[in-house]
Amino acid sequence: MSRYRLIDGAGLIFLAIVLALAVLVPASNLWLAPDSALHIPDYLVPLLGKYLAFALLALALDLVWGYCGILSLGHGAFFALGGYAMGMYLMRQIGSRGVYGNLVLPDFMVFLNWQELPWFWLGFDHFWFACLVAIAVPGLLAFGFGWLAFRSRVTGVYLSIITQAMTFALMLAFFRNDMGFGGNNGLTDFKEIVGYPLQWAETRAALFAATAVALALGYLLARWVVTSKLGKVVVAVRDAESRTRFIGYRVENYKLVVFTLSAMIAGVAGALYVPQVGIINPSEFAPANSIEAVIWVAVGGRGTLVGAALGAVIVNAGKTWFTGALPSLWLFALGGLFVATTLLIPKGVVGAVTDILGIRRKSELPAAPGVVAPKTAPAEPAQ
Amino acid sequence: MVAPPMLSGLVRLIAFAAFCAALVAGPACADAIDDALSGFTTDKYDDTDKALQGLVATAAPNGLAVIEALAAGRLLFDPESKTVLYKDASGALKLAKTGEPAPAELAGKPLKTVRVNNRLRRAVDAAGGAFELRSPDAAKRAAAARAVFKTRESTALPAIDHALADEKDAAAKKALEQARAAIILGKADAPEAERAAAAATVASVADPDALAALRTLPADTPVSVKAAAEKGVAAIERWATVANVIQNLVYGMSLGSVLLLAAIGLAITFGVMGVINMAHGEMVMIGAYATFLTQSLIGAYLPALNSASLVIAIPVAFLVAGAVGALIERTVIRFLYGRPLETLLATWGVSLILQQAVRSVFGPSNRTVQTPEWLQGSIEILGVSLTWNRIAIILFALAVFFALQLLLRRTSLGLQVRAVTQNRRMAGSMGIRTPRVDAMTFGLGSGVAGIAGVALSQIDNVSPNLGQNYIIDSFLVVVFGGVGNLWGTLVGALSIGVANKLLEPFAGAVLGKIILLIAIILFIQKKPRGLFALKGRAVEA
Amino acid sequence: MLKVDDISLHYGSARALKGVSVEANAGEVTCVLGRNGVGKTSLLRAIAGHRPISGGSISFGGRSLQGLRPYDRASLGIAYVPQGREIFPLLTVRENLETGFAPLKRAERTIPDEIFELFPVLKSMLHRRGGDLSGGQQQQLAIGRALVTRPKLLVLDEPTEGIQPSIIKDIGRAIRYLRSKGTMAIVLVEQYFDFAQELADRFIVMERGEVVESGDAKALQGDNVRQRLAF
Amino acid sequence: ADDTIKVGILHSLSGTMAISESTLKDAMLMLIDEQNKKGGVLGKKLEPVVVDPASNWPLFAEKARELIAQNKVAVVFGCWTSVSRKSVLPVFKELNSVLFYPVQYEGEESERNVFYTGAAPNQQAIPAVDYLMKEEGVKRWVLAGTDYVYPRTTNKILEAYLKEKGVAAEDIMINYTPFGHSDWQTIVSDIKKFGSEGKKTAVVSTINGDANVPFYKELGNQGVKATDIPVIAFSVGEEELAGIDTAPLVGHLAAWNYFMSVDTPENKDFIAKWQTFTKNPKRVTNDPMEAHYIGFNMWVKAVEKAGSTDPDKVIDALPGTEQANLTGGVSKMLPNHHITKPVLIGEIRDDGQFDVVEKTPDLVPGDAWSDFLPGSKDLEADWVTLKCGNYNTKTKKCGGGA
Amino acid sequence: MTIGGEVTSALLYLDDVSVTFDGFRALNRLSLSIGANEMRAIIGPNGAGKTTMMDVITGKTRPNTGTALFQARHDLTRLDEASISQLGIGRKFQTPTVFDMHTVEDNILLALKTDRRPFPVLFSKRTREEKERIDALLERVRLTASRHRSAGELSHGQKQWLEIGMLLAQEPKLLLVDEPAAGMTDQETADTADLLREIAKTASVVVVEHDMVFVRDLGVKVTCLHEGSVLAEGSLDAVSANERVIEVYLGR
């Protein structure tokens, strides 16, 4: 029977690693002596946390791209919106410790002469409200956007490009000081989260652990969706959209469900990212960021979930390393990595590993072929 | 425009100079020249200004040469002996006072340049203008008259009247009359009727200067003159609203043609071939750098061809970018046919590599590409001003578009390209050499992107980031127009350009762009396959 | 003319052809018969160069086709009418036909009138996009397109699929006519037994990727071939 | 190792800011090299640690952390955009390290761990406007900028200042454009129209980065000459002009605290070293490079004075440190962590250099909190006596406003 | 043909339907009605409009004019593909289209008649009945051996069968079958005819075929379309004796 298991071999390994990290990284950072070989230094904790937040974003993207065939070039927008929601909460937590010492208004508002807190900032002094917004706003945007686009049957590159236009428009909007989100400088100089100073190693460790747990949960949720029958319908949509309609599935609703869910996961990723990197600003909306996220997924292996997360970590760790070790040549290294990945391991890292290990992928979900070819230049029919 | 006080003084002196020159230059004048010249040697703007006025006042025979030298930064002085000298256009060192070659002992000394600032530059222009009203060249006389029209300095009236009396050339005469009218209009002691008539003449010029002249009449101006001026203003403004719309349309076309140029190569590599070509922008950049190199090489080795360097750069950029494109196709893209999404990943990598390569070779900062003489400046038609380079880009973009359209529709290569991209394997079985066609097509798209780089080097930064600025817009244009349809790209580019420029005056550049993006998103809901969507079974299959 | 000798072909690790041999001569029609999924199309793909073979050899006119790309084979004179038609959807009917000019000399680049005589519907639809045609019209176009290249070997994969009876008869006549010219070899995959029987000079029957029966036209009359085709 | 002192260099070498920041990395390498030739600091050699934050703001914070925590640098020279500085601020505070920031900025900041060697608004914008009023008789103003914090703030300050000087609201036109804006047709033509209403008009440009080249090209093409409508820019220096055909721009202005063309022995020496170091006899210098020059030398002096690279000691030693700048004066680090600088106005020459047309007679002390913004009028920064970056002189409290 | 009685009794009722593509009339005032449990064979020259007619019925193509009613109350010209399918109209395409990346078994599973809304689908569990039904269907289309293969790997004829299986899985009230015998051996063709006759006992079937042996096998009323309208209708013998049909379709 081809009922797919919720957790397959790779998934089990993945979950084990992520959950182990959730425990070991904080433990090693907080309790091992600094000169121990296994000690994880302070600076590494938020860095690893950032990778995991990106991994969660990649996971969200793989859900829509790998399984539903929606190549979103605007997922960074959902991530950034989640980040802004968290940033607004953190901003409010600064209280009167800002440079102008204004209890209510964030510094940039004082400085631009705002007299009172705009309505859309209300409520952000509550952590749970911010968390809710971090999920709800990306979800609502995705729902509204998807409702329009999927109903009108915007597909393929057309959809990709308008998602890109969406994030680009948001970027320009958030750049504007008038928007009330701190303009180009964005939100930064955070002090504490739910009462714990962000500078404490314990807080950082806790944030890391939370991110790891969120990644594990995100994986389970995504996996549950794709192994359900809905997952099969969605893959059917990816491979033969109109055929799916002819057997009675309302394709737009399926896409909408997955797209919205994915956006909410991306929002969570953004909300976890911000306290760990300490700044959120409009460049997170930059189309290039969204494209990069797509690339993480491709590097890791599209349509595998585990691969997406892995790709995000690999590329970002590579970036961290290259920018320090080869500051003026690292683009060659990174660019070369992308080209090499495509040519040498077309199925991504996970695909390559499974191929090498000769793991039979019978129980695996259908592999993903290319699907976003412009319709006028059809991909070659599968041989 | 109310001229600063020292300027009006200067022009008054010019009038006097004309008078002084008419007399036989006496010793009084000669002393005055020495006096005047000494002002150039203090390295203070105020003194330089006075010196300039003095020079004009004395109508020194060599005055024009000195003023020209001052304007060009060739007026020098010896800080020790306070002698003023200048280099003529050929570089020969001459004495300012007499125009005789400078004594050898001065030539070896550390001479200082007489510095000018904007105020002096204006004064120099005006002084030069006074001399030029008498130039043998009719075009120069007209230009000088137009300069007076701008300043409306009443003291220039005698000179204008004088020039008008002898003027034969129709254009120059008209310009002189307009200049005269501009002065009369503001002249409190001129007859009322004449001033009112002058208002009409000024209004007929219908440009910003005319508007300024009509608007800035003093409070004590007679009612009839004011009324005439107001009528003129109203007429100009009425036209201005129309002109504004036309202007914005033209600007929109111009922006659109830039978008078209940037996008059209992508319309081939992406639209026709289906490669999600993130390195497209870098092909544009390579074209721009090819232009820079061509210009530098020509400047260094074939200066005679300098003014044609941009034209020569077109085939060079095409070949260089095309070759790079073909190379990328042969080494990377060809392994990815049938896997279009992976082209996104690979070309993104290629784009990073190319950016860094250019940064490593040419450095991170901007490179200068000169605008040839014949592309500089603008023409003003009835209040609508068009710059030459924009006109050139519009025409160039259209030319590239139609050439490409012809190539794809009318040649066998075009047919083969389309066949290959629609079904590579079957095209092979029809005897089409698919690898060659693939390389040529990708090379063609890249080459066209390179050509766009030539044009963009004229209006934007030539830097390693050049391409990044166009990639999003290019994809937007191609998709908005309808993938795979060149006409769609044309219409898409122009309509986005025009819409942008019509929005900008109301919403500002930032909000305008946001509105435009949202409008495009909504538009795609109406036309999910772009403006020029292909219809029918062929597409849905 | 065409000599397929003991070839094997794989899809991934699955073997679709095992030691298949077949010959086709000028002026003859060679029919390939067999049930669904036995490897007929795979054999033709190997001949056309759409799939690499993993063993054995194919030669044409005495020349090995090893390593030759589809376009090389086309210029040697092999034309292919694939199953599923594979016309160029966005090219017009005329352009679809003109893609066949590629291996021809400049002077030969015309569409032979006999194509329009055979398929008059193509003439009336020259400007319609190939993808918009009905299934049967596309099939006619695919055959017409192959003939434009003036092939020496014509490889047809179920050419009658989806075609109306009168035109099937025309195609039969056309194949007979082409055979009668004596210069062209024809390989025909056909499920429609009567049609095959009428045309075949020689035949092979395949089963599970192997040739299980072969012979000349007379041998086809017997019942054992029909039996092979039943399940 | 312990025998070297590590110096962090945090400038983008790729991405949009590479165009400006790469030069500063090279300048720092040269300064460090020079210092090592002189024997280093405290008898130890200096060792540069270069990383690439790639014009990515969160990456700036990450790289700052890497430099301080992992590479253990004693000091960091870096950042260009304000957002990058804002992004690294918490890191410097948390890990208690020292940052030298070399670029003109919007002010409204004074942090214990940061030393601002670029201009505050009062060291650039206000003197520039004064010059235009006095020397060019400008009555109408176009404030054109890129839409982000620095231009917005600068323009706010200028607007308040101009109004105080009696300029009517309708004589001020404010225009913002996005980063990288490249189509200036409409805006330049609007400026032309705005300038044709009979009053002398000038443009004060806070347009940043890439957008400048197309802006100036459009000015040139539409024939907006400096003699008609001069443009004074705060973000265009020699490096930016190196990419533009300057012939049509002659006479347009820029306000900085340094120009390459300034004729002093120090500057000559600096330029010569720079061109030798970069092996390019045409390489230009610019204002932020001078800022790094001043900042670096001040740091060296402070370290020697403190006898240690310990951040707390260096931070205490820096205020009051003096260093001859390259334009013939001596800059001093003020208690508010800004420095004194001369303000220079230059006109663009056709060789891409500036002709200095005005120089303030005295050095202007950098003001962290603008006197023209209501929120910050009463704030004062003083890390020496008050130990506070935002002391409210009204409420007498550290920690800002009401 | 606009008798009220026919409208109400017919399962499918097309009247005066025209479709034009850029001026070309693919359907020209076509009228047709199919009764409950009726099987109808449609023949006609290539390009007569047979497939286009199916496109109209299934909501793929919107007619320029005309009426298309299902069960006398559903206006097919206003519904989208999914709704029409949910009404009980199933279709097999002329070129077989299956879900290439899914296994053969999953192709059937997705087609099974169940709630099609996303959330019920998300939470659905496969029941024993479903499993048995899938087994039976696979057996019927002789693909049991291939049940775990990806559908994309099937040969052309196997895909035809899979698509027939999917059609059956939907348990439609009306089956539109476009050239089911294409690419099948003679015996398979006969088997298909058997299958269709069996189905027609409980549902209505519209079959398009060019294979006259097959059509004869079906033994049902035949409609011959030509240039978008009905040219002849009746028993196969009657229709194939029609001079015009011979001229434009059968040939001599």
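Letters A, B, C, D and E name the chains as they come in the text, with residue numbers starting at 1 for each one.
Throughout what follows, contacts are C-beta pairs under 8 Å (C-beta built on N, C-alpha and C of every residue); 3 or more make two chains touch, one makes a residue touch a chain.
Predicted model only: the values in this text are computed from it and were never measured.
Q: Please report the minimal path length, in steps, between chain A and chain D on the chain touch graph.
A: Minimum number of steps from chain A to chain D: 1.
Q: Looking at CA centres, what chain is most distant from chain A?
A: Relative to chain A, the chain with the farthest C-alpha centre is C.
Q: Identify the chain whose mean C-alpha position lies nearest to the mean of all protein C-alpha atoms shown.
A: A
Q: Between B-C and B-D, which chain pair is linked by the larger number of C-beta contacts?
A: B-D
Q: Would you mind pulling out the distance in Å between where the CA atoms of chain A average out and where those of chain E do?
A: Between these chains, centre-to-centre, one finds 44 Å.
Q: Where the centres are mean C-alpha positions, what is the separation of chain C from chain E, in Å?
A: 29
Q: How many Å are there between the centre of chain C and the centre of chain D, using C-alpha atoms for each centre?
A: 75
Q: Averaged over CA atoms, how far is the centre of chain A from the centre of chain C? Could you give it in whole Å?
A: About 51 Å separates the centre of chain A from that of chain C.
Q: Identify all positions of chain D at which a residue touches two or more other chains, and write them in rising order.
A: 13-14, 147, 178
Q: Residue numbers in chain C touching 2 or more other chains?
A: Residue numbers touching two or more other chains: 11, 50, 84, 86, 89-90, 132.
Q: Counting only residues that touch at least two other chains, what does the list for chain E look like?
A: 21, 60
Q: Within the complex, which stretch of chain A touches chain D?
A: 41-43, 46-47, 50, 96-102, 108, 110-113, 172, 175-177, 183-186, 188-190, 198-199, 277-279, 281, 283-284, 320, 323-324, 327-328, 330-331
Q: Using the touch rule from the top, collect the residues of chain B that touch chain D in their complex.
A: Contacts found on chain B: 1-2, 4, 45, 73, 115, 117-119, 121-122, 125, 208-209, 211-212, 215-216, 247-248, 251, 254-255, 258, 355-356, 359, 363-371, 376-378, 385, 387-390, 458-465, 468-469, 500-501, 504-505, 508-510, 513.
Q: Could you list, by residue number, the parts of chain B that touch chain C in their complex?
A: Against chain C, chain B makes touches at 412, 415-416, 418-419, 422-423, 425-434, 484, 534, 536-539, 541.
Q: With touch defined as at the start, can you tell me which chain D residues reach chain B in the complex?
A: 13-16, 18-20, 22-23, 135-137, 147, 175-178, 180-183, 185-187, 189-190, 192-193, 195-200, 210, 213-214, 217-218, 220-223, 226-227, 230, 239-240, 242-245, 248, 251, 253, 347, 349-350, 355, 357
Q: Considering the complex alone, what residue numbers of chain E touch chain A?
A: Those in contact with chain A are residues 58, 60, 80-83, 85-86, 90-91, 93, 97-103, 105-106, 109-111, 116-119, 121-124, 126, 131, 148, 150, 152, 166, 170.
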